[in-house]
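So, here's a batch of structures to check.
In the two complexes that follow, subunit A is the common piece, with subunit B as its partner first and subunit C second.
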Partner chain A sequence: MAETFTFSLDGGKISAHPGQSIMEAADAAGVYIPRLCDTEGLKPQGSCRVCVVKMNGRTVAACTQPAKADSVVESETPEILGYRRDLVRMLFHEGNHLCPICEASGRCELQAMAYRLGITQSTKYPYLQPVRPVDASHPDIVLDTNRCILCGRCIRASRDIDGKNVFEYVGRGIHKKVGVNGDNLADTNVSIDDRAIHLDICPVGCIIQKGRGFFTPIGKRQFDLAPIGGEEKGHEE
Partner chain B sequence: MAICERFGNDRTRLLDILLEVQAQFRFVGPSLMECIARQISTYRVEVEGMVSFYAFFSDTPRGQVVIRLCDDIIDRHAGTGEIARVFSRILGIGFGDTSPDGHFTLEYTPCIGMSDQAPAALLNERVVTCLTPERAEEIALGLMGGLNPGELELPEGDGNNLNPLIGSTVRNNIRLRGEVLLGEVPADAGLRKTLRRPPDQVMEDVERAGLLGLGGAGFPTGHKWRMAADTPAERRIVICNADEGEPGTFKDRVLLTERADLMIEGMTIAAYAIKADGGIIYLRGEYAYLRNYLEAVLQRRRDQGLLGAGADRLGGFDIRIQMGAGAYICGEESALISSCEGLRGEPKNRPPYPVESGYLGYPTIVGNVETFCCAARILDRGAAWFRSWGTKASPGTKLLSVSGDCERPGVYELPFGVSVRELLDLAGAPDAAAVQVGGASGQMINMSQFDRRICQEDLPTGGSVMVFSARRNILEIVEYFLDFFIEESCGYCTPCRVGNVFLKQRIGKIRQGLCQPEDLDYLRELGRTVAETSRCGLGHTSPNPVLSSIANFPLVYAALLKENRNGREASFNIQSALEESRHLAKRRSMIYDPTYDGD
Partner chain C sequence: MAKTRVIEIDPLTRVEGHGKVTIHLDEDNNVDEARLHIVEFRGFERFILGRLYWEVPVIVQRLCGICPVSHHLAASKAMDMIIGADKLTPTAEKMRRLMHYGQIMQSNVLHFFHLSSPDLLFGLGDDVSRRNIFGVIQENPDLAMKGIRMRKFGQQVIEATAGKRIHGTSAVPGGINKNLSIAERDPLLGDVDQMLAWAQEAVEIAQDYTLGHLPHVTRFATFNSNHMSLVRGDGALDLYHGWLRAIDAGGNIIFDQVDYRDFNDYLMEEVRSWSYMKFPFIKRRGNLDGWYRVGPLSRMNTAGFIDTPLADDAHQAFRQLTNGLPNQMSLAYHWARMIEVLHCVEKIKSLLHDPDLQGEELMVRGERREEGIGVIEAPRGTLFHHYRVDENDQVTFCNLIVSTTNNNEAMNRAVSRVAREQLSGQARITEPMLNQIEVAVRAYDPCLSCATHALGQMPLLVEVYDAEGTLVDRKSREG
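Right after this comes the complex of A and B.
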């Protein structure tokens, strides 16, 4: 890119080029901004809101907000940490999350984000306790949307990488969920080799590969080895 | 399928296709979804995504007559409950149900824009208003006897509602006519003057008049036009937002009925100014009874050479009507554009803003019905004339939709800056105790604040003013508004989708006397997170009823909150002690278990 500019992120100087989001510029500079719906290789959608930052005093999503020259961006402030904790708690309470018996435990980004933000115990919010049927129709794949955080990563991976549109949002508001392009997964052309089914696409434990549960011993799992976003300060609540 | 063909098998017209399929088959089930998907080259799950987004669609068969009873808070206060019992009793079905013979479906719907003549309902597209138990009984018996909604004998409406193309029982209830909009308006005077001047000067006039968007957000209209005009593009689009979904607002309905030409004139002026060739009127599904009339006005204007191929001075600018399908969020301008493109009515990520990349990627201006009407008047009478009303930051007049506990509900055209008290005097509301200004997303003010003024500098509103007397329960109103937002949130982002549910749950608990003063901190903090981190205006404003009622009606809350006198005593109740075990047992859920009413 020809022209670059800079902005400040929590006091540090970050350089960016036109069109880059705050998130991309921060990533390139090695500064981590917490995120759940955004992941490398997919178009950002700005739905989880965990990446909120203040740009010149206005709250924006770092993954979708283009960086602006000379802007002042705040990320790790007590106010923003409070928002992020609230948002992660909302996601915990929206779905059914019992980490000890979940096969995503240890590689789950929601769980890891809760640790990073210092959320340790059950919280003030009520539990919504969805009771959606688990789709185990497919020989290789199970879909359990009771843990879904609606990040849309499976949807985007299937549409934009696999070219298949196996997944799509259905419903609205609190009844919004992930639907599949058919009566159930077995009725779609999904394959275990799809990018959308890859373990790093679903950040939680909704998309399960049959016969591959609990394959990594405790202690060796992704976030046992290093916290999400890299070795950095944990936060006391 | 012939319906898809009629829309050229065009994926972007999926909303129209589904409206027709729903009307013809009375549902859009999986096999119809499959069939539509194949024909317009998309995926069945995308069609399902649409069907499950809009309230007017259903994947199971609905009745030949769908009765939608408005359960807005104003209607509830006016007696919706009793009307509901009458319909239910005579039709023999509950709300949400369809009769076994497939004749009737009974359901509730949020505000249908008739709060000044509540309780009201929709019988398919026909509106019925001022329902009493007797009239409801007559209607229900008539329908049971085999009459179509159109054949029912109803009292006549007023004004242009009597036009055979409208033929509605709806009343305009115009209480006060100002000089800008509801007084005498010469036909197309603004447009004639516009065509004699370069587009740039037209925008300059609107800028100098200081016209602010009248749909609620108050963005400077001239500036919006300028930005769209300055974006290089092959095509530009003008959209009129007639989605009017904010509870308690009905002034656009009156303008659509009485000032349709003026509104279209304003859109035409905008098209000339920004060099747009495409126009859309996004008409909320609840106002379908106005559609034939509006189509006829558009056709007459085409015949007059003011629109379409014959309008050579206007580059062939033409307008189509896009019907909505029951989604308040589609009033948000970027969600409205999604909806026009045949997508789920979800707001888009911004930037880019619609003025840069809107409908189908073309620079687009979205303006409110009233805004386009004002623009046409400004081009006729000039910026200085317009500025002779209103305040410095809010020039001109405003149509206010007044409803609730007052003697003269209806539409008032008043200069910006009018105080709430003056308005209440005009409307005859001597025992007003609380006023909700700006609809569900607005502010609830108390008696000591009635001297506050309606304008951008003080109390902004898209038009909704709901009056509540002292016998109303403030927290019932607040809880209702939260229900509304839960129902209408698109669900895209976490804070609005989930946070509003939590706000409502705690308000419900307070109403049951299960809370302590600390719970107000919980509400304030949660409200702040929702307002700050949400992705669009719906979530930015949905905590307003909670936050403004806590600020302005502290005693109402205090009376319901128990002091935590003795350690944990007051907060202890068996329900919360059981919460964790219930969670594990996965039994009760406030969202998924309809009989469950809070923790």
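Right after this comes the complex of A and C.
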């Protein structure tokens, strides 16, 4: 059995194996740390920063930071919650996240995270309102990057699980977006059966399976049944 | 050159959206012309382009917070056509019908009790601060509470069938995404008999008002027109699906049993420079004689009968008032509206006992088409949704002819008629005149916003212009 050590997370004692990230150890102990770009089965990349925690007073991404013996990790503090709210708000302002008309509503991790963090109204940031063409060229799949939060989950799933490299980041800085390995989706070898296209990979409504929108009734959607991160109630802002 | 003066009423109140009335006077201060301007532009038909067809029923219902279900269902019917779902499963069709009856019920009740009953109860000369639902609650709490609880029941039906009371998502191309569980059904069944009794009372109230004020009702904004609606194959009232029927002022058929997918062969829309709302008319009659009315009054005029017994009795009484000829009284819309509420409650009761609503077969598909047309009888009248969708499933064309648009010419006529009666010989806007113009518009529609696909409350602005085009009076009231 591998050697284990412990660290403190919001005052509780968490066991970890060497090489485990803070998030992996917390997950194993049943303690949820909010996240968007990380999901089970994909290699973490630490890009969304929603899993920000403080380890021994330094802010780190819990999904990529290895756990350290006897360290003191803070997650659910007012300061950290404030960071997370700002990060999530900025994602809403960067894209066109029109929940009332989006078929991902109710299963959207961005929406669910906003509810968890108590974000219920528009904020101080300007809306960038991107106008990117919707790629509906594929018979089964649509890519609407106006809703993309650049989590890279589709990129990693396509590369690491499907072995296809259908998706990749293109552009830099504020112009960065997800592109496809071809003129459009129809020009790639993507398939509806790819792991990258599975509904649990895209956390928002950017990758859509054609003709299945709104098939799940209100009340039975993923986050109607249980809030993101388990039963914990949303924080008041 | 003849000189005219113009009076404007802006904003209109207890109506959703923004409206403006301008009244143009001649040199003798008689009304030359009155126009109802719909001054907003919302542009749903444009920004829906490029979106995916299955999103449309959810997007377009945002046109309106009062009748979202009507847009949701009209768009769903159009999208049924796109995916070749020519016959829905019994569960899907009946769930949609139940949702629609809940919608008509709550919207008609809102229209009558919340928005129009203050005018009928307190009279047009009463203090404007009292002529609202709160005034009704103070004066007649029993009546107000019945109205509020009936509307609530209609919304509960919508919630059980659509997932939410406002802006649900259950109708999808080819069917419905849920059935009605027993747990959802039983509370509705528990209340439905009470609703039936209150709906009968509501018909009596509207009928008594009409018959008790006959000299006023037959004079106020009464004018001959054509009427149009969907009717069932056998001529019965059908609010969800059917064939187009149009009659003239004498009750003669202009067209009948028209497949609504061919509506473009029978109807045209005229654009006038001073309004964002178009003016539809029956092609073969031309724009001068071909305009028509839609909505509860027209449906009572076009339908041969109603297939629920209590509403059918009420319908016969309604038709007797005009000896079987079309009723042309704008204020009779309210009576017709309550007959529809009664019909809806009867239908809801019948459907709640139907085991098909617990069925599991919810969706069908067929051969894909590029064009989809969905038509439904919305609370205010016939509602047309017309789309084209390309091979990538993206919308390339959208045209919506909403109920208010269909009634555009009629509302202008109603306003003109009231203005002539109230204003001629004077250039000032009086409070009763302002009220009566609002009452005329409100008889048709409290929802001008969806007609231009605009958002917000509907304050009324009235302006009077003299013969030289100079503004001589202006009154506005916030919505």
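Quick notes on this structure:
By our rule, the second predicted complex is superposed on the first by the 235 of 237 C-alpha atoms of A that agree within 3 Å, B and C clash if a C-alpha of one lies under 4 Å from a C-alpha of the other, contacts with A are read in each partner's own complex, and residues count from 1 in each chain.
What we mean here is this: contacts are C-beta pairs under 8 Å (C-beta built on N, C-alpha and C of every residue); 3 or more make two chains touch, one makes a residue touch a chain.
These figures come from a predicted structure and were not determined experimentally.
Model built by superposing both complexes on subunit A: subunit B and subunit C fit together without a clash. Look at A:K176: by the touch rule set out above, it reaches subunit B but stays clear of subunit C.
One of subunit B and subunit C touches more residues of subunit A, and that partner is B. When the two complexes are overlaid on their common chain A, residue A:E168 makes contact with subunit B while staying clear of subunit C.
Put simply, if you stand at the Cα centre of subunit A and look at the Cα centres of subunit B and subunit C, the angle between them is 120 degrees to the nearest 10. By the touch criterion defined above, A:G219 reaches subunit C but does not reach subunit B.
By the document's definition of touching, of the two partners only subunit C reaches A:G211; subunit B does not. Contact with subunit C, but none with subunit B, is seen for A:I101 once the two complexes are overlaid on the shared chain. Once both complexes are placed on a shared chain A, the shortest Cα to Cα gap between subunit B and subunit C comes to 8 Å. The contact sets of subunit A with subunit B and with subunit C never meet. Looking at the complex, you find that subunit B touches subunit A at residues 30, 43-46, 48-49, 52-53, 327, 344, 349, 351, 486-495, 497-499, 501-502, 505, 522, 525-526, 529, 532-535, 579-580, 583-584, 586-592, 599. Interface of subunit C with subunit A (complex): residues 50-52, 54-55, 57-59, 62, 83, 162-164, 167-170, 172-173, 177-178, 392-394.
For subunit A in complex with subunit C, the residues that touch the partner chain are 100-101, 103, 133-134, 136-137, 142, 208, 210-220.
Residue ranges on subunit A touching subunit B, taken from their complex, read 44-50, 52, 59, 61, 64, 66, 82-83, 86-87, 90-91, 93-94, 96, 98, 122, 124-131, 149-150, 165-176, 179-183.
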